[in-house]
Amino acid sequence: MAKPHKAGAAREIGRMEAFSDGVFSIAITLPIVELSVPHIAAGGTLMGAIGHEWPTYLAYGLSFLVIGVYWVHHHFTGKIYARADHGFVLANMFFLAAVAFVPFPTRLFTEYLADPANRGAASVVYTVSLAIPTWAWVLKWLYARRTRAMDLRLDDAYLDKLTRTYVITAWLMLGAVALSFLDWRVGLGLAAALTLYHLRAPPWPVYEAAEAGRPSPEAEQT
Amino acid sequence: MAKPHKAGAAREIGRMEAFSDGVFSIAITLPIVELSVPHIAAGGTLMGAIGHEWPTYLAYGLSFLVIGVYWVHHHFTGKIYARADHGFVLANMFFLAAVAFVPFPTRLFTEYLADPANRGAASVVYTVSLAIPTWAWVLKWLYARRTRAMDLRLDDAYLDKLTRTYVITAWLMLGAVALSFLDWRVGLGLAAALTLYHLRAPPWPVYEAAEAGRPSPEAEQT
Amino acid sequence: MAKPHKAGAAREIGRMEAFSDGVFSIAITLPIVELSVPHIAAGGTLMGAIGHEWPTYLAYGLSFLVIGVYWVHHHFTGKIYARADHGFVLANMFFLAAVAFVPFPTRLFTEYLADPANRGAASVVYTVSLAIPTWAWVLKWLYARRTRAMDLRLDDAYLDKLTRTYVITAWLMLGAVALSFLDWRVGLGLAAALTLYHLRAPPWPVYEAAEAGRPSPEAEQT
Amino acid sequence: MAKPHKAGAAREIGRMEAFSDGVFSIAITLPIVELSVPHIAAGGTLMGAIGHEWPTYLAYGLSFLVIGVYWVHHHFTGKIYARADHGFVLANMFFLAAVAFVPFPTRLFTEYLADPANRGAASVVYTVSLAIPTWAWVLKWLYARRTRAMDLRLDDAYLDKLTRTYVITAWLMLGAVALSFLDWRVGLGLAAALTLYHLRAPPWPVYEAAEAGRPSPEAEQT
């Protein structure tokens, strides 16, 4: 009975990742429908009309960047997680809802960026929306660590290092939210810096020495 | 000839699940396009304008929750079903159409929730739309049981237990629809309770003792 | 060198099918964004306003049905095709463009169905749009037969039977288009009958006797 | 430790391709939402109203063609790339953002094509948007060559030939952009010719003679 059990669990990670990849690919591509062909104001030029729509292009680019960074890390941790129980699936669902939501506050932010009266409020909302997925991420990660859902061959020190990175990021994001209420530029700047920081490559998995030569069944499966 | 036949059947489940996952991931993500940047009324604030749009955020969250619950169970029963014949594919298609439809009555419900004159009617429609997928689910499940499409190694008592859960849920959902005509709060409350009930983990598959040690070809494939 | 060649070809079918499934799942789900929450006319009720939008619900259902039927057959022939060369990929791309287009004329048709002055024209357009994918399908199928892209173990008589079904369907669809210019009810009725006819299960693959016991590499892969 | 490392890398290509295929399938299908049912002007006919919307149909077709061509080549090079490091994933993300953006300038171009005052500007924007993905493609390709991410069994002369094709295409596309400022017909004509040129089949992979009989682990996996 052990075998079907293990196979069932491996299967769960594979399909859950495929479903998550589907949500990611839609969330990252959908913002294109917000780009509508501009109408030229009387006496204006097409280039002027296109230029006038810069907030929608910026929103498309920013959404792609932020969701792209999350996909890269989601993809990377697909090698780390080895099992998915029911709680993990629910935590992942919450994480996906938070990531798929990002394009909306992004549009809100870019739309009001040139409006001095409201850009502060729009920035606070945007900063909050950047912070929520980092907390959903940490929730998912800590849940997986507590239930020992990671590949057991991974080195504990390596996993601890990732835990530190994720937890510190989430707290700094919360700090960014708090700061954004005082000065939106500072809060948003910190949130942006944290996002850009995670553009760098995640640390390469380190496996326990004794286990090193043994290939895992998951690793073979693509 | 037996081999290609079996392999063909296994294939059918794999691709049908992948297609279904595609529909699920789109249906769950698409509601984000309904969230549009609010325009500030004269004398108003951005936060006020954002707050005024609460029905669209609630609709996004509710759609994600309901479709998410269905995905979890769809994903779970992917381990239960072993074969898919033509009738099963059609039943699954009807189920997908019912699930992908959910975001529309959800928006309808949240949009009219603050309108005392119409929220009753909107709630009835929403309750009906929550009931239909449970019946599509039962249809698919009973069809699969009748055609012996489940993994044959599974324990009959286990499958009977799932059948009971699904059938009782569907009848209670029908009861919720009937009640919603009398009092929308009661009907919708029951439908919501049933949905939340299914957030819990489905029971872990039980295999027949004699078969326990034998791995299945499907289980290995992810 | 034979091996990488064969593996490469098999790969092409797998990814092409996955990409096609992606297009199918989006095309079938997207029409939900056309369903907008109705606004109640002065003196009207919500149920009346919802009822007034029946063309959009009908369009959702019809699109799901038609694209669903194509997916079932696309999925089924995934077992038939064994190789995909460049021309086949292009033919498949044209077929996907024709299928993904279907929701638009479907909406056009349902929107004008209650308008006696224009429903004839709308029906002609809809009938044409139902005919085009059948021709794209035949194009793809005949190309594959000519380039011997089908699983070579399949019985020729079986493939000939499928060819007949597909070619006759396409010609009848062309006839439906011609008839629709004379009487839209007759033309559309024939096109609808042909679509519903293809809801039935496709004939189960028949393999050549001598080859029967030999499993194919593709069949094992899901 | 070598084994998990290699397996991990292979995995990365598989999932990255699946995610990319998701983005492609959404980007190619989404333009259908831009096709809205036309309203008939006073004294007009439905056919006239439909005909009046020709720019949206043309945009749908052009987007499908251009994104389709990119998918074919993306799919083809899935056989060429064997490894994906972090930089490659980021380069691919940029490439996807450029491809998913294409439908917007396509609509812009078709919408203003019949407007003599603005079609020049619209064409320049469209030509630029066709050029950007060719540069993103070259960036990704050269990065992969520099980091030796291609299947090592491939013949160097074969890879050099592909490099030449890609680099020359990108420079010619830049030339098309420059020309489009002088005469939009010439610039756009060159860009269109380059796109159509890539409809032809890419050259079949050539493996080094010594390695020819050895199947690769990736090739087996689909």
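Residue numbering begins at 1 within each chain, and the chains themselves are lettered A, B, C and D in the order written.
Please note the rule applied: a contact is a pair of C-beta atoms (placed from the backbone, for glycine too) under 8 Å apart; a residue touches a chain by one contact, two chains touch by 3 or more.
Keep in mind that what you see is a predicted model, and the values were worked out from it rather than measured.
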| item | value |
| --- | --- |
| From chain B, the most remote chain by mean C-alpha position | D |
| Turning angle required so that chain A lies on chain B, C-alpha fit (0 to 180°, nearest 5) | 90 |
| Equivalent interface positions on chain A and chain D, same or different at half | different |
| Chain C and chain D: spacing of chain centres that average the CA atoms, whole Å | 25 |
| Distance between the centres, which are taken as Cα means, of chain D and chain B, whole angstrom | 36 |
| For chain A, residues that touch 2 or more chains besides their own | 18, 22, 26, 30, 33, 221 |
| Parts of chain A lying in touch with chain D, wherever the complex brings them together | 17-18, 21-22, 24-26, 28-30, 32-33, 35, 37, 40, 45-47, 50, 60-61, 64, 68, 71-72, 75, 78-79, 153, 199-202, 205, 207, 212-216, 219-222 |
| Interfacial residue positions of chain A with respect to chain B in the complex | 1, 3-4, 7-8, 10-12, 14-16, 18-19, 22-23, 26-27, 30, 33-34, 85-87, 89-90, 93, 96-97, 100-101, 103-104, 107-108, 111-112, 118, 121-122, 125, 221 |
